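Across the two complexes that follow, chain A remains constant while its partner is chain B and subsequently chain C.
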Partner chain A sequence: MSDPNPDADGDPSVFARVVAPFVDRSVAERLVISVAAIFLSILVGFALVLVSGRIAECSTAAWTMPITGLGFCYNPFEVYVVLFNGALGYPFAVGDPGLFNPGWTPFNLSFGLTLSETTLLIFTGLSVAVAFRAGLFNIGTQGQLVVGALATALTVLALAPLLPAGPVAGLVLIVVGTAAGAVGGGLWGAIPGALKAYADANEVITTIMLNFVAANVAYVLVLEVFRAEGSSVVATRYVPEYAQFPSVLFPASTDFALIALLVGVAFIGALYYFVEHTSLGYDLRTSGVQAAAAEYGGVNAKLTTVRAMTLSGALGGIGGSVWVLMSEGRWMASIPDLGFDGITVSILAGNNPIGVLPAAFLFGILKGGALEIGFRTDVPTELVAVLRGLIILFVAMPEFFRMIGRYAGVGGAGGAGSTKPDESAGGDGGEADA
Partner chain B sequence: MRNPLSPASLLESASESSYVRSLVVGTVGVLAALGVLGLAFPESVFGDLAGIVFSTSTGASTARLAAPIVLAGLGGIFAEKSGVINIGLEGLLIISAFVSVYAASVVGVGNAVLGVPALVIAFLAGIAASTFLAAVFAVVCIEFKADQIIAGLAVWLIALGLAPFMSTVFFGGVNTPNLGVSVGWKYSATMVVLATLGSWWLLNRTAFGKHLRAAGENPKALDTVGVSVSKVRYAGVLLSGVLSGVGGSALALSIGQFVGSGETMVQGKGFIAIVAYLFGNYNPLGTLGAGVLFAGLDAMQIRLQQLGYAIPDTLVQTIPYVVVIVVLALVGRTQIPEAAGEHYETEE
Partner chain C sequence: MNPAVHLDGITKRFPGVVANDDVDLAVERGSVHALLGENGAGKTTLMNVLYGLYQPTEGTVRLDGEPQSFDSPRDAIDAGVGMIHQHFMLVDPMTVWENVVLGNEPKTWGGLRVDREAAREAVVELSERYGFDVDPDATIADISVGEQQRVEILKALYRGADVLIMDEPTAVLTPQEVDELYGVFDELTEQGKTIIFISHKLGEALSAADDITVLRDGVNVGTVAAADVTREELAEMMVGREVLMDPATSPQEAGDRVLEVTDLDVEDDRGVEAVSDLSFELRGGEILGVAGVDGNGQSQLVEAITGLREAASGDVRYRGESMVGKTRRDRIDRGMAFIPEDRQERGLVMSYDLVENGILGSQHDPPFANGGRLDWNASRDHAEAVIEQYDVRPPDADAEAESLSGGNQQKFIVGREFERDPELVVATHPTRGVDIGSTEFLHDRLLELRAEGKAVLLVSSKLDEVQGLSDRLAVMHEGEFTGIVDPATVTEEEIGLLMAGESLDDDSVEGAAIHDAAGGGTDDTPGDGSDGADDASRDGIDGATGGDEGVDA
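Entry: the complex of A and B
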């Protein structure tokens, strides 16, 4: 980035320039950074729980610090034990003899909730990741999800009476509903894409503004036109039971369908193939890494921007479809922050579709664990929202971990990029024009 | 709108596009037409609209709502001029809004510590919190060479989680109780005007302003004359923290409560602030104008709701956001500092 006049003179150097950031920061290094970022966030979260437990008021201390004898309202160890153990449905016995809980099965309520979150996060994570690979910061996955969810709910509700109830109709409704969600989210994502490509409007700002617009417009539409009769909340009617993803193996109250997760995994595979092995995917990646080089190589950068944002929006929209057809059964006004969580998932995954799977699972554990924290401790569940931001912050500063690696004298992955710190740090930024 | 005598303004007026000017003229024109129509047909929609636009209470809430936008926007200018794009202004507003209310509730409204009234302490606490978060952002960007956009997003998301978290710890819910005190709009307006003039002076009339611009435009040149680019950039980002802190505190203390549900009470004002300074082409006076325009729209929609037109409230609330998008699309690519967003490596 410090070189003002990069490679105007031939294919090999253009290629080198394009590939360099990915070679510099190897997959292994990204993995180390992601894992280190999670640990560091958990550590900071630990301190946060400790400090707020000291300031908060309670009648009996939940935890007393050894040696000092200071009492704390929250027990930070308990918080994390509950978070991770609880997210999996308590496979580990705490306080009882033995390491494992003998009655544990993977098909329990808590683990189902965790996997339900994971499934949704796969779609929002992929949505953010695709845009990122094209050098675009799609902060609007949340809005695209809201629009997609509404499109799905309305389509399914409109078509359901026309078809005879049954599994075949259910399959048709799910497929058509999901397609409607993709179209709705895709169109909503195309707006900031077109504004970026043809009016140079920064997509970070437009997508955030469009989140507000989407939330408000969808709210008004449902409030005024599509609200279920007699509903105390602003929500549509429920879609028929047979048009929802069925809960197999897991309890129905988990709102989790194994099929939806498998669809998500299939999307991961398809997107990986698309990004890495198709010419359209190549255009997308090159314009993400070096827009000028891509133009030079004959890529229509403007069209690529619109396409990338449309695809990203469509994925966010499908996330909304799954939210309606698997989790909620209807569109309702209080939609969780899945789009913002998707940013963390994508960044944790190094914006790689394959990486989205473990990242979504990890963040699914945090989200599932947050529910358990709410049930079993006094610590506010907003803790997970803090961790979400901290993880992004730490992943964003690979140089920090390289420094630690150098000071600790650890070679290997942590210090792998230390030979060329300036290139790898700058090259990843893409075209960050405000 | 801008001082024609300042060298920076002269430079920028050359690059300023005609549509910015036509938009300003358009705004003034619409307002004038509204005034005339409102006077001519006081019983019509125009009469109501004119009544809203020119009423004192709309003016007061415009001043109240403009404070976070303009102050954060001014802060954003300092950061971006120095070469660090601070997209985390929203987070700085959120954290200062919460901390100021918290500090006021700890001291107790009406009490004073060492002769300093509670509200002043609340402001200072809000500024301190925002500046601290900005300092973290600065270290991450300057020391650890993080991608500025991603780090800025992280700052926003951290504050978006942390403020409701702390609110739940201290007050048992994401919204704090109302302290029953409010800082009047006159104070907000005074702070906004003073900060705008001060920022203009600092940017255009001092050596620091020159260094700031050099750090963003040509850091190597600044390095060559022996001024530390890092230090200048730290100063720029910290200033954005201080100014956003004033803005966030003013927002929360103007109603005496922090609202942490959804996107919190800040509701994207930090991002609107970015559009405000882009619209103002990095000129504090232009930022003031754009900020007041956006805040005025927001104030108008609040008054429109109270009049009870058949339009749903929520739909009216979207107007400012749509206008922001339209403005951003019209302004398009601005004269962003040459080296903004890039890390600078000091040459030994």
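Entry: the complex of A and C
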């Protein structure tokens, strides 16, 4: 790694010194950092599992430390092996002769669960990422997902009786339902966008508040109006089976549809193309990195804010559609925190649409693996959640530092990029007193 | 006695580039030394070696004859070298004294508590010793740029600097503040401090420095005493050839009315009127210069014309069409080019490469966009053409804007805007930070645009520039034109009076104030130029032709 030259600013603050090295990393360096971070987090988690395994009480020790002979209730090796191996459905044969498990196919239950989570997080991750690229911090993907999911469920339930049951109707319902989710989420996202653009309301605050509004309004609506008869939980009726994404290749119990994953990957590609290769995408990301320059370049800042938030909301809404049409089959009140996880996925991905795929996959593995640990070991699920949190924390932190540093204007010209015999930047009158 | 600073055979290589090639530099204690050179000549690299930011590939840094080896600026500071960067490193909400001691606070309670009284006392004592007129309790955000610079100097002195390196110290200062800075130089040198300042301005080096070292392409061309050298000789040392100090304007028939500003009022960010009741017009084939001390409403005027700021009242008509309610994009589409004053805020997206920056403003227009899709090949060709034509260095379209030096950033912006095929060019400080050779070229391009019948509104704080290029010269003071004069006949004293807000009654005003009068006798028609519209207008422009003698560059 190149010398980050941290002292370029003469006498930078401690904050700048901490953050600056992260700002100017290349993609490759960041990848290396991410991998190193995973290992570091495993190391810390390892110790954590040992300590809690020592504190916990059990009849037989799951693991005995060599030499010392100390017994531990949880086996830290097993935890991580199960976490990663189990998330994929045990492709590696641990303990048995041979590296690979001969009976393994990718189309197994565990891997299906992992991919199901991945698919959902692709949409919410993209939702957060696109807002980030426009310089907006959309915390409201969760609310947009809730609204989108409700719009999808209600639309499909309303239209289903009008069409003859069958694959054609299924296709129509899925497409129309997803579109309804996009519209619902998009409108819900447009609200904080418009508030930001025309009333100068901070989008972080408004999106957080709109999450509560969305969750509670949807709850009351379903409770009072759309609740399925005889249902013990607050939920709508199930949409017809044929109007759900079919579980091709994978067991039906995985709640995973390869088609939905492919749609997610297509969205990644489309969004990448939009951001990098279209005029509107140029407007959007220019607003995000340097608003004054965007304005100078003829970008309508208000309109771009509304557009970006609408697009972000629509993606969150589609996440909700997929959740209804692939995972749950209906709208119900206890929607998982996919929208909030999307924030971390996006940060992990450096807000790059392409990066959302591996980031969402890592999340999917952690989710699928956690389930496996619950099945296979005595390790409590709370501890597994801590291990997951550690991995995310360690992996996301450098990227988070990088974003904060960029935001604070640390690094840049003084960093690794400027190994050229430059005169320092020339005289800009207004700069100094800015 | 050994020189205070002696750089002995410094060579600094970067991958693929030799930034400094065997440079010797000796600076006597108590003297002011100017390091002069064009953008990219290696001045800043050399000073970064002295300041410990770079380690020299070859050569030795000696202070008072002692060889030094700096691993970081910390070492250099400990050895008594301080550097004041062009962009100040001050914390805006904090007070002057807090900024000065920041990082080296006197501590009590075993290092747990900052001894505020002692710190403030030390700063007061320091600023009194050097006669600095700075209020130690003022907040940085509230003091002028010149005062902020003095705080930076205090910071370096507080850390025990004997040698002060200043990077383009005058770039951000008003003429008055520049004079004050020279006074500060005198104070410092009297007390035995040594000053090295980086500059690419000849006049500055000649008036402020005792000795001048000229760098060109990383090589020391020579060190001369400021007293024994002329402007022309220095310019030739810098550029390596003879430089025409004055652009050659030629007579030019004014064309159609391109821009017509009527009773314009513009407010600044705080809602204070910055441009008041201003009226003027600008024709094709004409350059209207706007001179004035920075901050007298030039920025707001320009922003109102180009669509970055809404006017409070009044009208801007562009080619006969009212621009009220028209967005920035509308105006770009109608052929307005704009060179903004803050190139790193507005003119360029610092994290984009030049290919991406080359389409800023044209991102919706062919050939760069087709049906909403960007054509990066066309963008690349465009960026490369601008880079080549405007001599942007390094000639690499993939270089990020922030990796370019200020002058090269400026050249790229000017190139991009000029190649837009505009009808109106609004240029604010187009050559600020640009070296002499490139300045010449940009001036020539401006005159070419004028010859092609384009209208140019040229705002510049360089008096010689506006005077030399303009057909008419407007002087702005507190949001009004105190006069529109003929740049060929007006004297610097007269411009100075106008810049200070006084009006002129003598004849020099007469020839040039005509366009306003022709526009219909608005209230703020300056002076007494309301007679003989057409004839006098011709006079004004012819006058500009002969204007070359009047300019002392």
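Basically, the second predicted complex is superposed on the first by the 309 of 434 C-alpha atoms of A that agree within 3 Å, B and C clash if a C-alpha of one lies under 4 Å from a C-alpha of the other, contacts with A are read in each partner's own complex, and residues count from 1 in each chain.
Note that a residue touches a chain if its C-beta (ideal position, glycine included) is under 8 Å from a C-beta of that chain, and two chains touch if they have at least 3 such contacts.
What you see is a predicted model, and the numbers here were worked out from it, not measured in a lab.
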| item | value |
| --- | --- |
| First, second, both or neither for A:V386, with chain B first and chain C second | first |
| Chain B versus chain C as contact partner of A:A396, first or second or both or neither | first |
| First, second, both or neither for A:A292, with chain B first and chain C second | second |
| Residue contacts on chain A - larger count, chain B or chain C | B |
| Partner chain(s) touched by A:V176 [first = chain B, second = chain C, both, neither] | neither |
| Contacts of A:N202 with chain B and chain C, given as first, second, both or neither | first |
| Partner chain(s) touched by A:L280 [first = chain B, second = chain C, both, neither] | second |
| Chain B and chain C footprints on chain A, overlapping residues | 421-422, 425-426, 428-429, 432-434 |
| Touching residues on chain C, where the partner in the complex is chain A | 12, 14-15, 17-20, 39-45, 53, 72-74, 83, 85-89, 102-103, 141, 144-145, 148, 155, 167-168, 170-172, 198, 200, 218, 294, 299, 308, 327-329, 332-333, 338, 340-352, 356, 359-361, 363-364, 369, 372-374, 376, 394, 400, 402-407, 409-410, 429, 432-434, 461 |
| Contacting residues of chain A [partner chain B, same complex] | 1-2, 48, 52, 55-56, 137, 139, 195, 199-202, 204-206, 208-210, 212-213, 216-217, 219-220, 223-224, 340, 343-344, 347, 380, 382-390, 392-393, 395-397, 399-400, 403, 421-422, 425-426, 428-429, 432-434 |
| Touch list for chain A against partner chain C, complex | 5, 7-12, 277-283, 286, 289-290, 292-300, 412-413, 417-434 |
| Sites on chain B touched by chain A in the complex | 80, 85, 87, 140, 143-151, 153-162, 164-166, 168-170, 174, 263, 267-268, 271-272, 274-275, 278, 312, 314-315, 317-318, 321-322, 324-325, 328-334, 336, 340-343, 345 |
